[in-house]
Structure formats: structure tokens, C-alpha cells
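Note that subunit A is present in both complexes that follow, paired respectively with subunit B and with subunit C.
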Partner chain A sequence: MNSAEVRLQALSKHYHRVAAVDDVSLTIEPGSMVALLGPSGCGKTTCLRMIAGLVSPSSGDILVNSERITRVPVHKRNIGMLFQNYALFPHMTVSENIAFGLDMRGIGKADAVKRVGHALDLVRLADFGGRFPSQLSGGQQQRVALARALVIEPAVLLLDEPLGALDKGLRESMQVELRALQRRLGVTTVMVTHDQDEALTMADRIVVMRDGRLEQVGTATEIYQRPASKFVATFLGASNLFNGTVERRNGGETLVTTGAGLSLSVDGVAADARDVVVSVRPEAVVVNRLNGSSPPQNVPNTIVAEIEQVIYRGFISHYYLKLQDGQELIAYQQNQTRDVAAAYAQGEKVIVRWDRSSNHVIAKD
Partner chain B sequence: MNRRLSGPGAWILYFITALLMVFILAPLAVVVAMSVSDSYFVSFPPQGFTLKWYGKILQDRDFLAALQLSGLLAFSTTMGSLLLGIPAAIALTRGRFPGQDLLKGLVLSPLIFPALVTGLALMQLLSAMGSGDARINLLIGHIVVTSPYVIRAVVTSLLLVDYNLEDAARTLGANRLKTFWRITLPQIAPGVAAGALFAFMVSFDNYPVTMWLANSEYSPVPLVLMRQLVNVFDPSVPAMSTVIIILAVVGVLILERLVGLRRAAAM
Partner chain C sequence: MSSDSQALAPASSRLVERIALRLTLPAVLLAVPILVFLAIFFFYPAINLLFFSLLTQDAKGVVGPPHTLAHYTRFFEVDLYLRVFWNTLRISLVTSAFAIVLGYPVAIVMSRSGPIVSRTIALIVIAPLIVSVVVRSYGWQLILVNSPNGLLNWALMSIGIISEPLAILYSETAVVIGSLHVFFPMMVLPLASALGKIDPNLEDCARTLGAPWWKVFLRVTLPLSVPGLVAGFTLVFSLTAGSFVTPVILGGTTATMLGNLIEQQIFVVYDWPFGAAIAMVLVLVVFAINTLSMRLLEGRRFRSVS
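Then we have the complex of A and B:
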């Protein structure tokens, strides 16, 4: 399949002066899979529907392979779209559904039959061509919708919360299947999701959106390990956020102190920064017993905390902790022995520490 | 709905339903019974049994002409109100324009305004416009009366169609016309059929508007019936009515066969 590059240039959509999508610029590499991720109402669907041509932008441009398609009507765009509720035509059989796009393109009967058969094979539904959508399970309907969108060999594939209606187990296997298929066909794909796991599992690049704007664009690792804002840090997984003041600079190393008397050694603080926010992922935090010894003083990235609650989650436990000044702290730790989680008493003082490489300075709110 | 009613409450409900059916069907049964009465005036219960009144009306030229006129009128009215009503319903549900709600109210208005007044107004308007052909006037009048039924039925079923289906068709390469023809229309077929049936029936037995627009040359069935009723009240009147009832039932059965009216009634 020919892979297309998609470019959004300062794309905006206003509904009665309210911006649903606000000045979005983005380049989507040919053959890649990009996920628009963000909370409900942040403009993901509107973005996708503008690419499809179902919503006309208030301003900005959409380019496919450098060709401006902003004003091209939907039915001439050659874009495959998967709708959240599948939108299969209830009065047509599976084969007729898949053949619809070919029919609209004036493709001859014999050729169409061959292509429909191929598409059915692709989604492993070879024996289901004669059924009606109402006779299929949710997962099967999903695959028919996918076959219908792919059979027209679209320049771009758009997926709006593609797996939202499936139950958890099926959703996870479909994520893998969909991703494998997308790789194999090499079709440029934009998907919309509010599920961070889905975005992390499926996408080459993740676009985090908030209130119609782009918040951060990057690979899963970039976004998870180096969130650009508090919003991203807490939307994708959990984060411990510390408000601190830059204390001392010592070559490459900078010390940041927080209200609780915690000092953090961090890299990458702007030269003129005074107040900064540092994020630490819960899985980086190591919890240890005090064992009666006096707590270490002035050791960076180390502090005494009090156990509020420990929740056993199988191979890990979630530790809910509280610092001296009342700030809450979360730690995820792999369980080593069978009884370790039970061994901590509520209110017990523990020592928590983490590696300095886990400290990440957040640039904006 | 697949939940079944049960218990004493259910029996009360069944009883009320049965009572209602009797209430609706009894007058029709009385009409049919009177039409076979072997007497010179309409009487109930019927005296004896005869089919001679049917023989009589089937030779009555006025009645046959009226039947033909009414059939043709109802058919043309149905076509006309579908041609106007379906696009109007689409505009009202899918379009977006200022004053849409107001217009929706206005279009549905003849259901609210008394038909007698509508008829009078139409007669004055049409004669002011110099339209002298009673058949044209009747057609226009009936379309005015029936299109709201079509619009209402089609609007109701359009609101039930998932607009994602239309969007999906468009992304697959269908323009708006093809989308309507291949996707939307099959979805709203029961609604269109219900609207068409209403239009046909309403046109076929409309009296208050017809009365103003017909003339002695072109008199549809309801007028002929009324005239007969006033002149000689013999069992040929219930016989005519029975013929109309039979035609109506046949019409409903055909439609049920074609599109499943029960689906339409679920709206």
C-alpha cells in the first residue's frame, strides 16, 4: 500500500467562538501510526473528522503528500475511517458492506469480489461474508469495519476510539492484531483514544491534547519519561510532583529543595530558573524500613515518610505515603517475598529514595 | 421489548386492550352488518341477508366515478406529498438553518389548524389565483393536508438513523445523493411507507377540505357518500363504506408485506 504523509498546518475549529481544536500543527510520517490522546472533550474527534473531511476547519490546512485537501469533499478524499460504534450498514451483508466503497469507485464486479475476499481473509472472517452485521459479535463487527475501510486502499486510515466498545481481553488482543496489520500494510494511521495504555501499546508517536491544543508530541518513551507538563505527567501514568526552589548549582548538578526538607539532585534546569517542578514516577521510588536507625540527613533524593496505606496488586504493591509537610507520595514496588506487603504497619515510618536519573524537571504547567 | 407481562396487572391490561379493540371495531362491524340488510332503509340489527346493495352500488356510475377519482387523487396526493415531504424532512433533521424549529412547527401546523378552515382558505386562495380545475385544486389541497403526516413520519425515522452510517458511506466515496439512496432511504423505508399510507388514507376519506374544492363534475367518494346519506338513506351507503374498509385493509396488508408496517409502528 502506498504510504502517505499527512500534515496539519495551524488547524483550528471553532463552534460559536469556542475552540474545539486550536492551532494544531503536526506532521505524520508516511506509514506510521499516531495516537491522539487526551481527556474527553479535548478535540480529538474533531481533529480526526477534519482530516476525514466530515468537519470543515475554521482555519488552517490539511495536506496529504504535500497536496492541500482542506477543501476537497469527503467522498473524494480516499480516507478510510473506523467509527466508534463501527457504523456497519445494517441492511447489507458483510460482503456488501465491504464492497460498498469499491462500488462507489466503479470497480467491476469480478474484481470487487476478489478484493472483498482478500479483505475478509485479512481480518480472518473468510466464512462470514453472507452474514448480516447484527449476526456478528462486537469483535467481528469491528473487523468487518476494518476490512471495509482497508479494501479501498485508503491513503490514510483514521480510527476513532476503535476498541472502546470491546471488553478488556478482546481489546488487548485487538490492539496487537490491529497494530500488526497496520505495520504489514504500512498505511499511515491516525487513531484517537482516551486510553493511555492503548496509545502506548499501538502508536509510534503519541500526541497528547488538552483543551484543543497540542500538549506534547513524542514517542511513548519520550512522553512517559520526559513529560513536558504537569498535565502530561499525571495524565500518562501517575507521577509524584515536587515544587521546589533551585538551591545550589555545582557544574552540571543542581540541587532543588522542597518544603518537606527534601533535596533533589537534578539535571537540565534552565540557568535562570528559581522555582521548578520535579516529577518522579512511582516505580522509581524505593521503600525501605528504618530499622531503628536514625534517618540520614542531607542525602539527596532520600526522605523519611509515613505509610498511609499499602495495596497489594499481585506482583507489585502500591504504597501510599505521606511526607512530613503533608505531601502525598506514591510508590510502586515489585513484591519480593510473599509477606512483605503485610509487614508494614499503617503509620510506620519508612525511608524512601530514588535514583537521581529519575528526577525529571517539568518545563510548564 | 422482550419482557413479558405477567400477574394480575397483566390481565387488567389485556382486558383494557380488548375493550379498546371492541370500541374501535364495533362501529365498523355495525356498518358491515347494515350493508347486508334486506330492507329499504338502513337498520340495525340487519333484517335478513342480501348482497343486492353491493350489486346496486357496483352499477352506480356516480359511485364508480367517485371511487376512480378518489383512488387517482389519493395516489397522486401520496406521490406528491412524498416528493415534497421527504426532502423537507431531511432539511428539518439534517440541515442547519436559522428558524429551523419554527419551521418545523409551521410545517406540522395543518395537524393543529382545523381542516375546515384550511379548506376554506385554500379555496379562496386558489380561486383568487384563478385555478379553475377542480382536480388540480383537490390535488393541491390534499397535498397540503397530507404532507405533514409524511414529514412527521419521515422525520421520526430519520432521527433514529445513526448519522455515523451516512458519514461512513461518505468516507467510502458516496456523494450525498448516493448516500441517501443507498444508506438512508433503506433505513427510513418503514417511516416512508407509514407516511405514504397515512397520506393515502387521509386523502381518500378527507371531507372538510374536499368539500370546499370539489365541484359537481368531480366529486370524490366522501362527498358522494354524504350526498347519498342525505338523499336516500338505504343500505347502499353502508355497502359503499364496506367497500372502502376492504380497500383500506387490503392496502395495509400489502404494505405490511412490503416493508413491515409493524416496524414503522414501532416509531
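Then we have the complex of A and C:
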């Protein structure tokens, strides 16, 4: 399959003056899989439907391989789309469903039969061609929809919450399967999801959206480890956020102090910044007993906290802690021995610390 | 886990059975009044009618044995009666066909619009039912009158489309127009309901697969609306075939229908057995159309398989 590059240029869609999608610019590499991630109502579906041509943009442009398709009608765009409820034609068999797009392209009967068979093999449903959609399970229906979208060899594949209607176990195996198939075919894919795990598992690049705007674009590790905003930091996984002021600069290293008397040594603070937000992921935080010793003074990235609650989650435990000034802190720790988590008493004072490389300065709100 | 669900399955199906059983008795009781009503006022007269159509009427007008099929053979042998029979079929079919063609767009708009527009259209479509058939038919008579000062002729002549007045009144066309007006809602309402049940994503999906709007309609919308189409067709056909007032007022003597023939036989000729035979023919035609429609729908039962 020849891979296409998709470019969105200042794309906007307004409904009665309300922006569903607001000034979105994005380049999607040929053959890559991009996930639009964000809370419900942030404009993901609208974005996807504009690429498909089902919604016409209020302004901006869509380019496929540098060709402007903003005004090209849906049926001439050569785009495969997977709808959230699969949208299989109930009055057609599985084979007829898959052949529909080929038929619309005027592909001859013999060739069509061959390609439908190939598509059925691809989604491992070779024996199901004669069934009607209502005779298939949810997962099978999903695969038929996928075969139908892929058989036309689309320039771009669009997936709207593709796995949302499946139950958890099936969803996870389909994530892996879908991803492997996409890699193998090399079809440029845009996926919409509100599920961070799905985005992290499947996408080469994640586009975090908020209120119709792009919040951050990057790989899974970039987004997770270097969230650009408080919103991203808390939407993808959990984050401990500290508001602090710059205390001292020492070459590339900056010392930031927070209200609770915590000092953080961080890199990459802008030269003129005074007030900064620092995010620390819960899994970076190490919890230790005080063991009667006096708390260390003036050691960066270290502070005394009080245990509020420890939740045992199997191989990890979640520690809910509170700092002196009342700020909450979360720590995830692997359970080394059998009874570590249970050993802490509520209200017990502990010492928490983390590596300075875990401190990440957030650029905006 | 699996043994749990196996144990659960029969338990839940037994529960369903028990609920069903509990529902059966009161449900039957609820249907009793209408069943009794139908038995007395519909099935009994209908069966009576069947017997009447098989009896002989003597010169004094007394109806009794011997049993005979003579009325039926007479109906299908006399040209006049056969012509009325074909008139009836033709008028009903043409009316249904126009109802489909004119009703489909209305039903689409109704099913695709917001609640306000959709309810307004429904109201406009149903409104004619409030006015009696007689009044409506006389209204159409005023419009269609064949003289130059009939509303339609006057309008067409003053814009210069025609120079001679049209003779629409007292023709099949007039009966079709009148019937269409009366039975239009019977087409639009079931159609709109069927169209409303079609998932809009199906049409969007067909478009992304490369179908221009007219192919989306032919391959997706139309086939999925067949249940509504069949229901509407059956209703309009049956009601038109049985109509009596409209052909009298708008059809005159040229577009006589079976209903008028029955009325003549019973109230003018006083030939009750022959009138009954014609009525039976009408019932059979309508019954045949209904059965055919049901068959057509049953062939599509896959849609409800889950």
C-alpha cells in the first residue's frame, strides 16, 4: 500500500459560533499512526470527520500528499473510515459489505471476489463471508468493518474510537492486532480515542486535544515524560504538580522552592522565569521510613510526608501522602516483599525522595 | 467462571419463562374485549357475507339454498364487472405508486429534521384526516371541475399553460388525486418511522466507501426502508381499494370501483348474494396483497437475528 502524508492547516470548525475544532495544524507522516487523544467533546470526532469529508471545515485546509482536498466530496477522497458502532450494512452479507467499496470503484466481479477473499484472510474471517452482520460477535463485526475499510486500499485510514464498544480483554488484544496490521500495510492512520492506554499502546505519535485545540503533539514517551501543560500531565497518567519559585541558579541547574519547604533541583528553566510548575510522576517517588532519625534538611528533592492511605494493587502499591502545607502527593511503588504496603500506619511520617531527572518543568497551564 | 455462567444461563432462561407465563394470562384478558367486539361485528358478518355469496335469490327476493358459485362466475364473465375490477386494481396501484414517489421525500425530510420541523410536518400530513372524506372530496370537485371556471382549469388557463379546459373530474385521475390526499399519511408515517431507524452512520460509511448520494440511496437507504415502504403500500392499497365515497364524488360513472358496485347491487338492484360475492372478491384482493407483503418482509428476517 502506498503511504500518504496528511497535513491539516489551521483547520477550524464552528457550530453556531462555538469552536468544535479551533486552528488545528498537524502533519501526519506517511505510514504512521497518530492518535487524537482528549476528553469527550474536545473535537476529536469533528476533526476526523473533516478529514473524511463528512464535515466541512469553517476554515483551513486538508492536504493529502500536498494535494488540497478540502473541497473534494467524500466519495472521491479514497479514505477508509471505521465508525464507532462499525456501521456494517445489515442487509448485506459480510462479503457484500466488504465488496461495497470495490463495487463503487467499478472493479470487476472476478477481481472483487479475489480481493474480498484476501481482505477476509487479513482479518482472519475467511469462513464468515456468507454471514450477515447480525450473526457475528462484536469483535468479528469490528474486523469486518476493518476489512471493508482496508479493501479499497485507502490513502488514509480513520478510526473513531475503534475499540470503544469491545470489552476489556478483547480490546487489549485488538489493540495489538490492529497495530500490527497497520504496521504491516503501512497505511497512514488517524485514530480517535479518549483512552490514554489505547493511545500509548497503538500510536507512533499522540496528539492531545483540549477544547478543540492542540495541547501537545509527540511520541508516547515525549508526552508522558515531558508533558507541556498541567492538563497533559494530569490527563495522561497521574502527576504530582509543585508550584515553586526560582531560588538560585547554578549553571544549568536551578533550585526551586515550594511552599512546603521542599527544594527541587531542575534543569531547563527559562532564564527569566520566576514562578514555575514542576511535575513529578508518582512512580518516580520513593517512600522510606524515617526510622527515628531526624529529617534531612536542605537536601533537594527530598521531604517528609505523612501517610494518608496505602492501596495495595498487587505488584505495586499506591501511596497517598500529605505534605506539611497540606499538598497531596502520590507515589507508586513496586512491592518488594510481601508485607511492605501493610507495614505503614496511617498518619506515619515517612521520607519521600526522587531523582532530580524526574523533575520536569511545565511550560504552560 | 465458566461453570458459573453455565449455571446462570438456565436459571435466567427459567426466569424469563416465569415472567412470560405471568404475563400471558393478563395479556390475553386485556385482548378479550376487542376480540369479542371483532367476533361479533367483524368475523360473524364476514362469514355471513361468505355464505350469502354462495346462496341463490329467487324472484321474490328470498335468499336461500341451493348453494352456487354462479355469482362469482357471473362477476368474472360480465365485461362491465370485470372492468370495474380492473379499475379498482389500477386506481389502487397508481395511488400507492404516487404515494410512494411523493411520500418518500416528505418522509426523508421528516426523519432527518429536528423534533420541531419533524412534528410540524407530521401535523401537516395528518391534518387532512381531521376533515371528513365527503367534505374533502367535494373540495376537490370544486378544484377539478371540468368547466373553464374550475379552480385548476382557471389557474392553468390564466398562466397560459392550456387553452382548453382539462376534463379531470369524473375520471380515474380525479379518484387517484382524491385518494392520494386522503391516504397520504398512511404512506408517510410508516416510511418516516422506518427511515428514522436507519443509523445515519451507515450512509456516511457508504459515502466514505465511494458512493455518490444516489448510490447511497439505492444501495443503503432504500433497501433498509423496505419495511416502511411495504407497510405504507399495503395500507394505501387496501384503503384505496375499499373506498366508496371518493369514486362516487370524483369518479362519477367512468371511474366506478368495487365499493360502488357493491352499493348498487345491495341498495339499487337488491341482489344481496351478488353484492356479497363482489365484496368477497374485494376482500380476497386486499388479503392477497397483504399476504404478499408479509412474504416479502419475511424474506428479510435476517435483520432481526441477533
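Just so we're on the same page, the second predicted complex is superposed on the first by the 365 of 365 C-alpha atoms of A that agree within 3 Å, B and C clash if a C-alpha of one lies under 4 Å from a C-alpha of the other, contacts with A are read in each partner's own complex, and residues count from 1 in each chain.
By definition in this document, a residue touches a chain if its C-beta (ideal position, glycine included) is under 8 Å from a C-beta of that chain, and two chains touch if they have at least 3 such contacts.
None of these values were measured; they are calculated from a predicted model.
Participant: Sticking to the clash and touch definitions up top, decide whether subunit B and subunit C on subunit A clash or fit.
Facilitator: Once subunit A is superposed (C-alpha atoms), there is a clash between subunit B and subunit C.
Participant: Based on the superposed arrangement, let me know which partner A:Arg248 touches: subunit B (first), subunit C (second), both, or neither?
Facilitator: neither
Participant: Between subunit B (first) and subunit C (second), which does A:Lys109 come into contact with in this model arrangement: first, second, both, or neither?
Facilitator: The answer is neither, since A:Lys109 touches no partner chain.
Participant: Would you check which partner chain A:Ser134 touches, where first means subunit B only, second means subunit C only, and both and neither mean what they say?
Facilitator: Only subunit C is touched by A:Ser134; subunit B is not.
Participant: Both subunit B and subunit C contact which residues of subunit A?
Facilitator: Residues 52-54, 73-81, 83-85, 87, 89-91, 100-101, 104-105, 148-149, 152, which sit in both footprints.
Participant: For the complex, give me every residue of subunit A touching subunit B.
Facilitator: 52-54, 73-81, 83-85, 87, 89-91, 100-101, 104-105, 148-149, 152
Participant: Hey, which residues of subunit B end up touching subunit A in the complex?
Facilitator: 162, 164-165, 167-175, 178, 182-183, 186-187
Participant: If we count contacts the way the header does, which residues on subunit A are in touch with subunit C in the complex?
Facilitator: Those residues of subunit A that touch subunit C are 52-54, 73-81, 83-85, 87, 89-91, 100-101, 104-105, 132, 134-135, 148-149, 152.
Participant: Which bits of subunit C are touching subunit A when the two form their complex?
Facilitator: Listed in rising order, the residues of subunit C that touch subunit A are 199, 201-202, 204-212, 215, 219-220, 223-224, 300, 302-306.
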